[in-house]
Every structure is written in C-alpha cells, then in structure tokens.
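Got some structures for you, see below.
What follows is chain A paired twice: with chain B in the first complex and chain C in the second.
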Partner chain A sequence: MSASAPSVPAKGGRSALPYLGVLALGVALALLPYAGPTNHVVSLATSAVIFAIAGSGLGFLWGQSGQLSMAHAAVFGLGGYAGAITAKFFGLSFLAAMPVAVLVGLVSGALVALPSLRTQGHYFVILTFAIGEVIAVVQRRIEWLTGGQEGISAQPGKQVLLGLRLANRGEYFTLIVLIGTAVLLVLLLIMRSRWGTTLRGMRENAPLAASLGVNVTLNRIYAFAISGAVAGLAGHLYLYQVRFIEPNLFTAQASIIFLMIVLLGGKTYLLGPAVGAFLYFFLSEFLGLPPVWNLIGFGVVLIVMILVAPNGILSIIQNLVAPRAKPNAGTEAADKGQAQVSDLPNKA
Partner chain B sequence: MSKLLRTERLTKHFGGVRALGPVDFAIEPGEIVGLIGPNGSGKTTFFNVVTGFLKPTAGRVFWDGSDITTLAPGRRAKRGLVRTFQEKMVFPGLTVRENLKFALIQHGAPDLGEAALVQAMDRAGLPHHTLGQMAGDLSWGQCRMLGMVLALVLKPRLLLLDEPFAGLNRVIAAQVTDMLLTLRDEGIGAVMVEHDMSLLLPLCDRVTVFASGEILGEGLSDEILSRSDVRAAYFGSDVVAGNQ
Partner chain C sequence: MLLQQAYNGLAIGSIYALIAVGITLVYGLSRIIHFAVGELVMFGAFTTWEVQRLTGSYTLGFAAAAIVMAVVGILTERFVFRFTLKTPLTGFIVSLGLILVFQGLAVVFWTANTQYVLPPLQGAWDLGAFIVIKQTVLNIAIAVAVLGLCYVVLMHTKYGKALRAVSDDQGAAALMGIPVRRVITSAFVAGSVLCGVAGWLVLSAGSISPHVGDSYLLRGFAVALIGGLGSVSGAAIAGIGLGVAESLAAGYVSSGWNDAYVFGLMIAILLWRPTGLAKGSEGAHI
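Moving on to the complex of A and B:
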C-alpha cells in the first residue's frame, strides 16, 4: 500500500487503493475486542490507538511540512480539557464536545505556530517546548476552570455512539478505532492533494518554495492548525478512556513520547505513528521490564533508529519490499565527473 | 520602453554594516543583464532584497510601475519576478515528478498529468526516465536544469539567476545558454550573477558592476570591462597595475 506520501505512484496517483487499505486495516483492528483479548490488552490497545491518532497529527506536521512541535502534548491536553470542561459546566455529551475539542486544538495549534513568524529551526522547536510548559502551568493555575492539580473527571455514563457504549472498554476501543481510521483517511486525502505536495516542498526547501509563489508562513500555520485539531480530538478520546484529566499528563515528557512514536514508525509515513504507538505500548509489555528499564530501553532503541533508519521502521520495510531506484547509468555517464546534489555539503 | 523592474535608492544594512546601496537599477522587458563584481560586493543581497527575501533598510522596488517593496516573495513570483538559487535549486527529497507538480500547482495549472510534466522535461532536455527519480539523486547539471524548469513553469517575465553556470560542464552550459536565448526571443529577460565571463558576456545586452554594495558602472560588456576602476574592483588593483 502506498501510504507513504513521497512515493505516490507515477500513474494512478488518484488510486483508491491506499484509502481502501487504511479502511481495511481500521475495520480489522476495530474487530479486535471480538477476538476475546483480556481487558488489559484492550486497555493497552486503546492507549496505543489514542497515541497513534495524536502521533499522526505530529507526524503530519513533522513529516509533511518539516516542522517539529514540542507543544503537541499540551495541545492534546487542551483537547482533553475542552471535553472535560464542556461536560462539567455545560453538560455536553461525548459527541457534542468533540467538535469543541477539535476547534480548541485547531486554534491552539495555530497559535503555537505564530513564533515561526520570527524564528526557525532549533530555536523554534525550543520555543514550542516553552509554550507547552506555559500551557501546563496555566492549566494548573486556573483551578476554578481546570480543577488545578486535582484535575477534572468525566464519566461516559450511558452514552452510546454508533451503537457502541462508551462505558464498555471493548466497545469504546472499536469506536475510537473507527474515529482514528476516519482521521487517517482525511490525512491521507490531504497528503495526496495539491496542498500536500506544497507542504512537502516547503519541508524540503522553504526558500525555493517561497520563490515559486508559496506563502510559507501561512501554510505552516495551516499545517499546525490541522495537527492541533488532530491532537485536540485525540485528547478528547483520551479523556473518555482515563475518565480523568490533570495537567501533569501533558508536560514535555508526553511530547517526547509522541516524538518517539513518530520517529519509531517513520515520520513521512501515514501509518508510521500508528506502528510506533503500538510498538511503544506493546513492546514494553511484551518485554515485561520495570518502567525505568523500559525508558532506558526505548532511549537506546531511539538512538539506534536515528543512526540506522532515521525514517523509521516503515522505511526499512519499504526498502526491503521496493528498494529505491539508483540513478540511471546513462544519466551518470552524461554528466560524468559532476557531483550529485546529495553529495554537496550545503544540500538543500 | 517602460522599465519592468526598477529599484530606487535600494539599501540594506546588517546591523552597522552597509551591505547594499543605495542602488538605482532598471531593466526593460526581454533584456539580459549581467551582474558582476567581487565576492561580497552585494550582488546576492541585491537579489534577496529585490525578490523580497530580505527587507530593505531604505529604498523602493518597482515592478511594472507598481511599488512591490513590501510584497512577500511568493506574491512577487506570481507577478512574474522569479529567482533561482545557486545551490538550493530543487526539492531533493521529492521525485522529479513531484518537483514539477509543485511548480505547476503554484502556477495554478489545472492539469498535472504526464503530458504537462513531459512537456516541462523536454524544455530542460531532461530524460523522461528521471521523472520517478529523487531530485537529490540527479547530477548537478540535471539539478540545475530542473531548477530552471521549476522557475519557467511559473511563466516568469524576468528571471533572477544566481550563478546559473556554476559547476556545469560545457555541454550543459551550452544548453542553458540556448534556453536563455530562446527565452529572450519569447520576451523573458534575465538578471544574472555569474563569474564565468566567457559564458556571461556573449549573452548579455549590458553589464552592471557591483563593488562595495554599490553600482560602480553599467554599460556594454567591452566598454565596461575596459574601465580601469572596474578592472581594479573586480580583479584587484595589483593585477591591473601588473598588466599595465
């Protein structure tokens, strides 16, 4: 399946196959609870799906537009708070609060992008880190709204959506897989659109993109807004999984986990964050190591991944299945003696 | 004839250092002008300020009579003022096909099909089999040609070319020369920064010499290069004295 945006096929770029592939995977995963897993496995898988959705938002931002945000967990948390606060103060249901969480994520995501008007590169990443911390502090301080350190709880009660009960762990898993599948389909649609090509161009060479007519700043803000909307939605889904929300859940440490799962799976692949999230949650369970050793283990895995396969596990699989074509011999002969762009120190 | 691009006392300071200006420059439609001068003389800064990548400290830029001094680079490109880069000339992690699609999208082309892509490839003399290749895997010469095509897809009225012949062998340099002459016949002009005089001078209608951020002289290539102050600024006063 061509879920990797950079390798959209030559012909049939509008092929429905990738969409059908994502849909088939989503439906297959949604049926997991009906295979009789333990509650613990369902709980882990639910966390993995929610982190996969949030990670997809970060993967879209980082992999497609080339911008990394360390405030992603804070935006994820704001989505959760939006659901909890609207439920507590206005009695909004899970479904009614969902667009509010998405909107809060969208707007806060766009606001996180504003410093990019003046900063770039590492400085910008550091700024997003600071913004995330500020949001966490604010969440603690405005106790009348957020409950401060004690947080807010949200109970699914007897709510039912698409015939699935939110209070039932297995049915809630099926519901969020269906929502996650819809999110991935929308992201795939964007990645394969004209705007998707524009974003990847900006990622590769922003000055050239600007010289060819792109408003780089505005498009970056849009990309942050989309990423934020996905994070906000995931935060809302997380709220109804843990049924409680408090600011310590959304500090920079959570952003590092998002970064890790995106890197692990592959940031330029639609399914990369999902692969990374399932590995993150299930590998540690499978190995059965104490939490500290888990963190150390993932740190080592991350270092190895960055050194060996910086484009994630899916890039290894892609290279095994369809190795990247080498430059044609005739082409090399025509320009014999000339360096390739990728060999140059100032590579774009 | 009316001026297509005109700058009025264009100046750029970096902190306390004056990198450019004041520069008064103008070019007519279809004209090819060479910008020469020693390294650090302000040529690239001039490009960056004219195309909107740097804000001028003072002065104005006029395009077809309109003041575009505060316009973003992308908006200038859409009006036909398009630049190329010396090194960052393509999107290396995208295929050649995606590179071309990118430019066609920015031009608002309704058709991104193979026919449109092949037409663009033919214009640059790029072999069709490279369409699926990563642009970063192309040879330097092919990259240069692809970079030119990306700019041409936007249907520019004036190209600002930063060292278009740098690193090219004679065969591809001749291809670039042919392309520029064809473009001139089509009414598309160019301002070129280039150090290789043997390639630059035959192409240019006139030459502008930069030194210490200012225009030292302008005129026909033979005239301007015979001036002792220009030779001193470009080749160094010792060399000029030694030749006399």
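Moving on to the complex of A and C:
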C-alpha cells in the first residue's frame, strides 16, 4: 500500500530548505491572530493546531514505521490528565507540567508498543484498541485522581510564557503554533536522519531489515515512544485550550478521527496531518452541517480517501505539480477491484 | 450466587458468541477485520425495535433484522469491501469509516437518545436461590440454534465445503470451479445476519441507543481473538467463557471495572498465546 509512497517531503539531501519552509509556515501561522480574525476562527484554528500536533505523532508512527496505533487518543488523553493532575495536586504551571506530560506520553507510548513483541498485524492493531479502552476505564474509575466522569479542570490564570498570556485565546494560539513548529522541526530532523531511513526500511520489509542487523523490535518501541511523547504534549496543550477534560473525549472514536486526519493529509508527509487537521475543522465549519452529518461526511471521506488516494491529498497535489510515472500502477488498478482471483492473497 | 452469575454469564456470552462467529466468518474469508460489526448489531436492534413498534410482533422484527442485515452485508461487500480484498488493512480502515457513517445515520433516524424497550418475553421463573429470566432462556436457545445451524452448514453442506476451501486457499478453490467472489460475498452476508440476530438478543437488555454496539464490538473481537481469528468453534466456546468470566468478576469484585477485566483478560491471553487459544487458527474452520 505504501510501496510507492514518497518518503520525505523533499529529496534535498542535507539541504536546510525544508526546515526553513516549516519555520516560515509556522511563523506565518503564528501571526494569524494579529490579522484580526473572529474569536470563533481562533478557537477552531487552535483545535486544528492541537490535532495537527497529535496527528503528526500518529503520522510519524504510521507513515514512517508502518505501525498503526488505535490507542493514540488514549495517550493524548493521558498527556492532558498528566497536566491537569500535576496542576491540581502539586500546583505545577503550564510550563512545569509540560515535561511531565511529554514523559507520560513517551512511557505510555512505549508501553502500547510492548504487545508488538508477541503479536503482529491485525492482532496487534486490535490490542492497541483494547489498551486504549482499558486506559479509558481507568480514567473513569480512579475518581480521587481523575475526577471520574465529572472530569478535571485546569485554569491558565495569569500565566505568561514567551510574553504570551495563556488566558488570552489569540496569544495562546500563537504560543501553541510556535510549540507545534518546534515539534515538526524535531520530527523532520528525525525523518531525515539515518535512523529515519532505517525506520522506513523496516516499514517496507521488516524481515529484510532484521537480516541486515536492524533491531526491529527496539526501533519499533522507540517510534511508538516518540509518537506517544508528541501525543502527550498535544494532550497537555489541549487541556489548556478546553480547560476541562473528561474520559469520554479520548475514546476509540477520537482515535478514528486522528486516523482520518492523518489519512486525509497524507501519512508519509510531514505536513500531512496538519493539512488533514485544518481541513477537518474548517471544512465542517465551512459546510455548516449539523454535527451528525459532519460525522457521516467524514466517514465517507475516510472511506473514499483510503480507496482512491491512500497517500492523502498532498500526494494528489504532488502528482499535479510534478507528475511522474507511478512505479506500481499495475497493483493500483488491481486495488480498484479488477483483480483476478489468482491475484488474491492466499494467506494473510 | 455462583450459579446465578454463571447462568447470567451464559446468557450474555451467547450474544458475544454470535457476534464473534460473524467476525470470524468475514475474517476467515476475506482477511478483513470488520470493525463496524458493533454498528451492525445496533442496526439489528433498531430494526427489530422499529418493526415491533409498527406491527407489535417481535417475530416479524427478527425476520426484518435478518433480512435488512443481509442487504447491508451485500451492499457493504459490493460497494466498499470488494475494493479492499487485496489489502486487508485498508479494509479495516474502511470499516472504521463505516462506523462513523452508521452511527451518524442511526442518530439521524432515531436520535442519540436511549430508547427503552420491553423484552420479547417477560417474567421469570423463581427456583428458590436461582432466578431464571424467561428471555435469557430464549436468548440462549436462539444462539444455540443459530450457531448449530452454522456448524451444520459449514461441515455438512456443499456450500460449507466451498466456504472452507476458499478460506484455505482461494487460488486452488477457484481452480476447482468454486465461485470465489460469490462465496466471499456470502460470508459478509452471513456475518452481518449473525450480528443482526445478536442485535435482536441485545434488545432483551431493556434499552438501546446508537452507541449500544460499542461495548459489543470490542467484546466480540475479544472473543474472536481469544478463540483464534477464523475459528468458528473457538469463537463459540470463548464467547460463553468470556460471558461467564465477566459475570463472575462483576458479581464478586465490582461491575464498574467490567470493561477493564474483559480487555485485560484479552490482552493477557493474547500475550500468552499470540494467535488465540484455539489451535491452528487463521482461516475458517471448526
């Protein structure tokens, strides 16, 4: 499925261009509140940026290492809970709690990966689903810590970071765009490193990578840990946007939304999840449909995208801008249902 | 207390077994993890409820649920899953999209509110320390009958043989003149109908909502995985086992943690035996 996927956005070798591009985009986006948008647009854009960050974690995991986690929303939630609980019990500030949220995400991400030592393929994906559900039950039941169904809140108060007031919606947006840009730069650095190449090698052919001396298991756990750390950070940012979290925000359905965001933009592209997140939040706003029809619409989008353009909108744009011969056009035609019986898999 | 909890577990486990056999049939034939089965159960329940409201008959509701789900099975296979047979992971993601679509449609048709319903059979037999709710007997009887029918069809008919052959080796089955495509479609139909029947049984719990399928989805998969994906008898046995274990844990420890027990048990079993408890899983077999 991902055999033809372009790996890294630009093949510029050691070029600094992609980094500068991400930085420029980030700075431009960070200035948005100064262009005088309505509060509603700022709030939507804030959600989009947070989901873009969390989605980038999943996109890194899925696009680079080829592993899919359906516990991503649960890890995202744990990051939020880490921020809220440390604020409530130890009075930690936004900044002080941030490393805690990242660490919680890192560790829980790695723990989610542990079953991959024993299980593979479908079994593993469903296990991540089950792990996510167990985390949700724990969040719901340990009431003294998490507030149970009632949830738990955190207030930004008078906190200021980089001269930006957390309580001010516009300034908070600018702050999280800067944080998100830093996250994307780190992910880009990892993707373009030698280890990033190793990860993509594992994605294409794990046994071959192992035969070349790559420790597939350990590298997989690292990839999960990185993805978890990003999700935990995003969860923390989410906490200070909504200022109140409860377990129902982080169920399997939220994981499906993350998956859709990543798929929509393009899982192998650094900016794919960000594009997906902005489309997700602004398209539903633009169409102005009731929430239920949005849900149905995005379900249809998810199905159509994976069938028609499994590498996302960015791959369509890339093909339009710089058309090139599809390396495996044959199999794609087969994907569209014209396959002969003999083409079907005998055993999974 | 022990007997009572075990019996309650048997009643709930028979629903899990039906769903799990549906999951396993679809997986065995197409290698697709069909995650929208919870929504199929929900649709089965709502179809029954709707027909019962209009006609007052649960029997008609049962027939309607089976027929509607058969149609849903054909439609989803023909228009969606057929295109994903080569890449089963795509099929899985497609089914996630179907969850959003089905749940949304259910909210459009029936609102997000919980609907209260009377079970088809009311009342109970009081056997001293042991109370048997009449509906649960009916549930178990239906599950046994349906699963028994599946067994007979799979093992003792030409169609069942074709099904097992396709599950074993599609190429060889095609060479033997088995219409592979049609057999796969029929597996989707059978799987959907099983979930529809499970939906009818779910009604007996007394209330339904568009999210009623959620807890059954993961339990169905827990059962299918514990029994070994593709193993029909494994799914049946694991379904009853999980129902009883869950009911005992709820009765003796605390029911608030029920989901955690179920998924914890599933995670533990899969870590111990990564392809399920049943021997030689992968592929529909008995």
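We take it that the second predicted complex is superposed on the first by the 312 of 348 C-alpha atoms of A that agree within 3 Å, B and C clash if a C-alpha of one lies under 4 Å from a C-alpha of the other, contacts with A are read in each partner's own complex, and residues count from 1 in each chain.
Please note the rule applied: a residue touches a chain if its C-beta (ideal position, glycine included) is under 8 Å from a C-beta of that chain, and two chains touch if they have at least 3 such contacts.
As the structure is a computational prediction, the values presented were derived from the model and not from experiment.
Colleague: Please indicate which partner A:Arg141 is in contact with in the superposed arrangement: first for chain B, second for chain C, both, or neither.
Modeller: second
Colleague: Mind working out whether A:Arg194 is in touch with chain B, chain C, both or neither, as first, second, both or neither?
Modeller: A:Arg194: touches chain B, not chain C.
Colleague: Once the structures are superposed on A, label A:Tyr123 by its partner contacts, choosing first (chain B), second (chain C), both or neither.
Modeller: After superposing on A, A:Tyr123 lies in contact with chain C but is clear of chain B.
Colleague: Of the two partner chains, chain B (first) and chain C (second), which one does A:Glu133 touch, if any: first, second, both, or neither?
Modeller: Only chain C; A:Glu133 stays clear of chain B.
Colleague: May I ask you to decide whether A:Leu302 touches chain B, chain C, both, or neither, giving the answer as first, second, both or neither?
Modeller: After superposing on A, A:Leu302 lies in contact with chain C but is clear of chain B.
Colleague: When the two structures are laid over each other on chain A, which of chain B and chain C touches more residues of chain A?
Modeller: Between chain B and chain C, the winner on chain A residue contacts is C.
Colleague: Check whether A:Val214 is in contact with chain B, with chain C, with both or with neither, and answer first, second, both or neither.
Modeller: The first partner, chain B, only.
Colleague: Using the touch definition from the top, say if A:Arg203 reaches chain B (first), chain C (second), both or neither.
Modeller: The answer is first: A:Arg203 touches chain B but not chain C.
Colleague: Considering only the contact definition stated at the top, list the common interface residues of chain A for chain B and chain C.
Modeller: Shared contact residues on chain A: 331, 334-335, 337, 339, 341-342, 344, 346-348.
Colleague: Note which residues of chain B are touching chain A in the complex, please.
Modeller: On the chain B side, the touching residues are 51, 53, 72-75, 77-78, 82-85, 87-95, 97-99, 101-103, 105-107, 112, 114, 127, 129-143, 147, 150-151, 154, 167-169, 171-172.
Colleague: Quick check on the complex: what are the chain C residues that touch chain A?
Modeller: Within the complex, chain C contacts chain A at residues 27, 31, 33, 80, 82-90, 92-94, 96-105, 107-108, 169-171, 174, 180-181, 214, 218, 221-222, 225, 229, 256-257, 259-260, 263-264, 266-267, 270-271, 274-275, 282-283.
Colleague: Across the complex, what residues on chain A touch chain B?
Modeller: On the chain A side, the touching residues are 6, 8, 10-11, 194, 197-198, 200-201, 203-205, 207-216, 324-328, 330-332, 334-335, 337-342, 344, 346-348.
Colleague: In their complex, what parts of chain A are in touch with chain C?
Modeller: 1, 68, 115, 118-120, 122-123, 125-127, 129-131, 133-134, 136-138, 141, 252-253, 256, 259-260, 263, 292-293, 295-296, 298-303, 306-307, 310, 331, 334-337, 339, 341-348
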